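Each chain carries a letter (A, B, C, D, E and F) given by its place in the written order, and its residues are counted from 1.
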Amino acid sequence: MTGKDLTTVKRIFARCGLAAATLMLAAMPAMAEDAKVDTGDAAWMLTSTALVLMMTVPGVALFYAGMVRKKNVLATMMQSFFITALVTVIWMVAGYSIAFGEGGTYSAYVGDFSKVLLSGLSENWDKPFTLGTGDGAVAFTIPESVFLMFQMTFAIITAALITGAVADRMKFSALVMFVTLWSLLVYSPIAHWVWHPNGWLFGLGALDFAGGTVVHINAGVAGLVAAIVLGKRVGYGTENMAPFNLGLAVIGASLLWVGWFGFNAGSAGSSGGGRAGMAMLVTQIAAGGAVLSWTFAEWMIKGKPSVLGAISGAVAGLVAITPAAGFVLPGAALIIGLVAGLAGLWGATALKHALGYDDSLDAFGVHGICGIVGALLVGFLSYGPLSATTAAPDGSPGGMEQFIKQCIAVGATIVFTAVATFIILKITDVVIGLRVSEEEEREGLDVTMHGERIN
Amino acid sequence: MTGKDLTTVKRIFARCGLAAATLMLAAMPAMAEDAKVDTGDAAWMLTSTALVLMMTVPGVALFYAGMVRKKNVLATMMQSFFITALVTVIWMVAGYSIAFGEGGTYSAYVGDFSKVLLSGLSENWDKPFTLGTGDGAVAFTIPESVFLMFQMTFAIITAALITGAVADRMKFSALVMFVTLWSLLVYSPIAHWVWHPNGWLFGLGALDFAGGTVVHINAGVAGLVAAIVLGKRVGYGTENMAPFNLGLAVIGASLLWVGWFGFNAGSAGSSGGGRAGMAMLVTQIAAGGAVLSWTFAEWMIKGKPSVLGAISGAVAGLVAITPAAGFVLPGAALIIGLVAGLAGLWGATALKHALGYDDSLDAFGVHGICGIVGALLVGFLSYGPLSATTAAPDGSPGGMEQFIKQCIAVGATIVFTAVATFIILKITDVVIGLRVSEEEEREGLDVTMHGERIN
Amino acid sequence: MTGKDLTTVKRIFARCGLAAATLMLAAMPAMAEDAKVDTGDAAWMLTSTALVLMMTVPGVALFYAGMVRKKNVLATMMQSFFITALVTVIWMVAGYSIAFGEGGTYSAYVGDFSKVLLSGLSENWDKPFTLGTGDGAVAFTIPESVFLMFQMTFAIITAALITGAVADRMKFSALVMFVTLWSLLVYSPIAHWVWHPNGWLFGLGALDFAGGTVVHINAGVAGLVAAIVLGKRVGYGTENMAPFNLGLAVIGASLLWVGWFGFNAGSAGSSGGGRAGMAMLVTQIAAGGAVLSWTFAEWMIKGKPSVLGAISGAVAGLVAITPAAGFVLPGAALIIGLVAGLAGLWGATALKHALGYDDSLDAFGVHGICGIVGALLVGFLSYGPLSATTAAPDGSPGGMEQFIKQCIAVGATIVFTAVATFIILKITDVVIGLRVSEEEEREGLDVTMHGERIN
Amino acid sequence: MKLVMAVIKPFKLDEVREALTPLGVQGLTVTEVKGFGRQKGQTEIYRGAEYHVSFLPKVKIEVTVPDELADAVVEAIATTARTGKIGDGKIFVLDVERALRIRTGETDGSAL
Amino acid sequence: MKLVMAVIKPFKLDEVREALTPLGVQGLTVTEVKGFGRQKGQTEIYRGAEYHVSFLPKVKIEVTVPDELADAVVEAIATTARTGKIGDGKIFVLDVERALRIRTGETDGSAL
Amino acid sequence: MKLVMAVIKPFKLDEVREALTPLGVQGLTVTEVKGFGRQKGQTEIYRGAEYHVSFLPKVKIEVTVPDELADAVVEAIATTARTGKIGDGKIFVLDVERALRIRTGETDGSAL
């Protein structure tokens, strides 16, 4: 790898997730055989991986389970928990290869099968990892095992987030089939577009620090499509569907918040430099801002500041800052947070009611909408020096040019995931049937799907 | 910065929080332009920040919510959750500046507005941070973003702890106003006194490793004043106010315990040297000791060892070791823990009943009393070499001289926070009214303040 | 320490827990006076310690409490919580010394009292720690305080795991006495055998990366013996003993899963090299595989995939990978996980019913059985290079020779713990009485042992 | 006065309450109960331990009404709560000798 | 014997129980119920979905007493449970034909 | 018809239900209640605040049966639920004027 190659890497890589790695390059010795894992970076990435896993189990599991009726609490937890296991194995078998394999003729769109079953990992397992080859290669200071584990936790949570839209009425068997196909055919390709140096959105220079498109817009739109295809819950709009135990949702949202530090600051790929620190700081500020704006808006509109509003606001802010976390300053983060709180409130109330679909727990209303808000706002608000490299000392300052790239990334993600999710759902419906019977729905999924109940 | 300056820094800084940073100085190259963030130290401080956030959400939220009656569970969680967001924004806007700005004429007592809205952070964001200037400067191996985020989580938890004293009867709107003023006018100044090199208690050489005065005595005394000003809960002493779900409190206490490793070992400012490790170890020992002494004492006195006693003991021990964590050996930690368990039990039962105030969840009884116990005991028990530096090879060994300094720090904190909290409460009372109506209190805050309930 | 000594260390140490330390040796300067703590390794080990503590409180506490009836929820939590404190103090007072003291004449079997009350820790507290002396010494890059805290969390969780077997019917006072004796007389010696360089199983070259024998087989077998000695619960087999709130168990299992990253990847002793990363990866894969195999098997056999099955599968997989975590490749981990899921299901259902004991929460069925499965399978599946050192470039590849060593380690652990546990229980029975009265059992331990209840 | 005690399926509660208001019923009391009857329960299996849960969640409505209203109330509940599927529940009518409104001390008819 | 069934505000429970003891009432049974009545419930809003919760938490006391004690018991409950605010609840009296203490098999008067 | 209302110890529920089936009882309704009586409660202490919890968990069974079955049912419950220890509970019998099966509209005897 020549000096010029490295420069190219830095320029491109600075635009996307795990970007801080490039900052390390300057300081690192040439990528020689004897490169060593940086113990501090590795420590942070191992920690971040644990934090992101915690976001799904128990984070999302509780956040969602706290919002459903008593009869569906366990089934809702089961969805996140089982998906964690399922996507783990899927990712190991083929998902990682499709997302982060070099790819062949269509390498801009999809990886290949070279890393199926993680083949190749037994070599260089104790050496720093380089993603991609040739000009586009991106060098890390951590081993591939850590890189792929960290990425695995993203694949897991994305699938788990979708379950919020289909809660209370989807067959468990159908969910298993759907997630298997979706993870391989939708998640992995989009991750390749955005995070593999060969990916077309990576090449375009669209900014997505930690997964605004790949994770949140993706899950949100998939959820919306699934909610529409499945149809409304029995009794929606007429029966009382008040959450059984919002306390669980508060625990879930809290662990999401804490875990999000791994999600965003971990996406710096390193603890050194200052990007991880800045990412954590702006994550916190955006979350705080969104709690305030959602809560105060609800207070004014509905007369009371609700707990569900506050925790939803936190998630809204965290989602919106995700694509921006490594690229914006605190002031911009506060703006993103305040806007996200209002956007989420609008998405989960006005928009949903206006369009009339039943997105049970607002996977689209919060993750979809706020993911879009964040992905677009970073186009204007990104601060050059934060993404600057020696090759591109100005980094990617916000502006119309960047905004257009963001629009392309957002649009492409929406269209692809909407169409592909729809097709996968229809196939699953034919093979298994998507929805439980009305009687099972009335009785609740806990007992009918899993033979258990909480007391 | 000359060699002599550095020496001075070390001598002073070794006496207070984040002290381990000084140990690093010896090993570091001169504070040149090209100093680099230590990836290992940064990894640990990022992790610690996540751990301390987890202490408030969901830690304190659950610890407190598990002790109230069913009708107030969500409202109690809401207080901690919302405060997390509120103090985040307050800290970013002005709190950090008031606490860690250099300050002008009264720089021994309060910072200035130079860091309002975190201005200045966009420069040197990827460089190690030096707190203060000139002789008193303290050099870190982590960037300012990480330092200020870590400190933010302390500002958050301190405000959240107060809510235990006012649970079940304070208006949510009044709490929002109170916390806003209190965080800016009470917390930030005291943090400046103790942790800024210009602060008068810092200069005095009072030992407070991780916040015995700033966090626990401060929150405990503020809580006591608030409990007295608000008055007793309706039905206090006559109606059954048994905790609705102590299971939540056990989860909360557990996460407090785990998170406290970030609180105390993170206050070493670094993972290197041995101070973080020793701080974690003595934290664990003190917590364990206090669980044993509280539980066995209760067992003897009341006939049964209660779960609430055990978890309260853990918190008591953790509080008491906080000011001492980086300065004492395991044996001393065990003593501190054993004493704290008994002191907490006394504070939460005998003292409270003797004086007749209604500190609903014993914010003062546990945090105030045990904070005082720890802050005073460290005066006798601190082990020189742990706080030693090249300039002061004896460190701060315990003794009468040190004990007097501790008394001054404790006394000053108590007096200032008591008076200021009282004034802020009175202002809030005039503007908004502190307390809900008796009917609202009867019906519960969940439904009357937030329009929600758990089922 | 000569070069040859170091080589010896590496060869031996690579076979057991905390093995990655050896990989560091090659890269380290001679073990001179001025060796420094590696900030990155220290950061990861501090984090791992927090994660492993989280496994017990609230992890095991919730996992178990979620499976008992309403009347025993708090008592079950109390057992884990109190044990955390109790074993902390026991470990500090003597447990650590018995486990990691050099030992005298019988140094292959037990340590000595040289480290009682952690004496000696005040020296070299800021230096890297070397375990053992002379030829067998093992050098770490972290201070002893961190090493002993990390180990303490293992001693804690092992004792806590046993409580699953005796849930619902053991006197609290008897449990306190039992755990005190058991921790000192059973846990510490076995830890010495396996993890101290002088230990006979260490010398034998049996592989146990993170505690398959010391923790899981040990706790599982002790639990089995205790379940048999205590006898069945009143109403076992006739009354409905359905779990009161499996939601708690899901939270517990999730935190166990997350915390297990500290347990296994922390057992690498370092974040550098690649062992921690590989350990984390295979941990995740085994957990995922076991969830799938347990769930699908149950689905086929019983008609429904249960939540309790899924979370039990996760624990089964995590247990089984524990002895293997640093030594196997992802493919082998998947096999271990799939086998463990089936083995756990068999242990918790068929085996238990066939033999007719009442292991309330399947401490033996899951931890015992899957610990054995993992400890034996690693004999065949371990991958040489992962445990390779310069002295032994082939490491410990799986095969019949290694398998026999594993059988010896497993057999010795089972026999010793079974006999010693039985004796300790009998002594406790004579002194205090093991079991509550039938009336107390009917009324529930929450109110009769602890004077509290959940509502 | 009569106490009409009805055990119904939980999701029918709101509908039933709304059906009673037009008849002049101004108050009623609801209890969560578990019902055992012809409707089969579910089998729950926890790690191999099977429990046939014969008790299903139901809701019990208790409403005291003047004698002349009793039939209409029974009728209204029966109609609204009916799904035609097994487990719809029962209605029992008991005689009430006295009624009293605590707030005012009003008795009988005017207490309801 | 009479079954006195009272629906009261939950926080009045302890007071009521204490008021009955002097009358010679040695046992009673309490159920958590939800009441619908003149007292308005609260509106709960969850992300824009409004539920008017017309049901308020109440406590139902059931106590069987000898005929001659019924009036005093009703009186005692009414007095103690009264706050004068809407929602104080109701008391109904029903006739009980038989009573039996399970432990001893005693019946009627001596069963209570 | 008679309404047999029994308050028993919770762990006896399954046994009692099984004892009623042979008598021809096809349905019953169960409520979790708290009982106050001769059986002493426990004292709970939370950080020094003592609450004597006089209420103990009990289960209430309500079963409506034809007049001729009432005695047998009372007898069966009394026998099965008896432990001989204090707190075994009570059985009360009330008269039911009407019964109706919601699903079919059947009334009285055939509604049960």
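Keep this in mind: a residue touches a chain if its C-beta (ideal position, glycine included) is under 8 Å from a C-beta of that chain, and two chains touch if they have at least 3 such contacts.
If you're wondering where the values come from, they're calculated on a predicted model, not measured in any experiment.
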> Can you list every chain that touches chain D and also touches chain E?
Replying inline: A, F
> Which chains are shared contacts of chain B and chain D?
Replying inline: A, C, E, F
> Taking shared residue numbers divided by all residue numbers at the interface, is the value for chain B and chain C over half (same) or under half (different)?
Replying inline: different
> Approximately how many whole Å separate the CA-defined centres of chain A and chain F?
Replying inline: 53
> From the C-alpha centre of chain B to that of chain E, how far is it in Å?
Replying inline: 47
>> I'd like to verify one number: the distance from the centre of chain E to the centre of chain F, where each centre is the average of its C-alpha atoms, in whole angstrom.
In response: 17
>> Centroid from C-alpha atoms only, then distance chain A to chain C, rounded to Å. What do you get?
In response: 33
> Which chain F residues touch at least two other chains?
Replying inline: 31, 44-46, 53, 85, 94-95
> Touching two or more other chains, which residues of chain A qualify?
Replying inline: 38-41, 43-44, 47, 240, 242-243, 251, 302, 304, 306, 308, 451-453
> If you go through all the chains, which pairs of them touch?
Replying inline: A-B, A-C, A-D, A-E, B-C, B-E, B-F, C-D, C-F, D-E, D-F, E-F
> In their shared complex, at which residues does chain E touch chain D?
Replying inline: 2, 6-8, 31-38, 54-55, 58, 60, 74, 77-78, 81-95
>> Show me the residue ranges of chain F that touch chain D in the complex, using the header's touch definition.
In response: 1, 3, 17, 26-31, 64, 94-103, 105, 111-112
>> For the complex, give me every residue of chain B touching chain C.
In response: 23, 27, 38-41, 43-44, 47, 51, 70, 242-247, 250-251, 253-255, 257-258, 261-262, 265, 270-278, 280-281, 284-285, 287-292, 295, 302-308, 310-311, 313-314, 329-331, 334, 383, 385-386
> What residues on chain C touch chain B, complex-wise?
Replying inline: 36-44, 46-47, 49-50, 53-54, 57-58, 61-62, 65, 73-75, 77-78, 81-82, 84-89, 92, 117-118, 121-122, 125-127, 142-143, 145-146, 148-149, 152, 172, 248, 251, 449-452, 454-455
> In the complex formed with chain E, which residues of chain A make contact?
Replying inline: 67, 240-243, 302, 304, 306, 308-309, 312, 348-350, 352-353, 362, 365
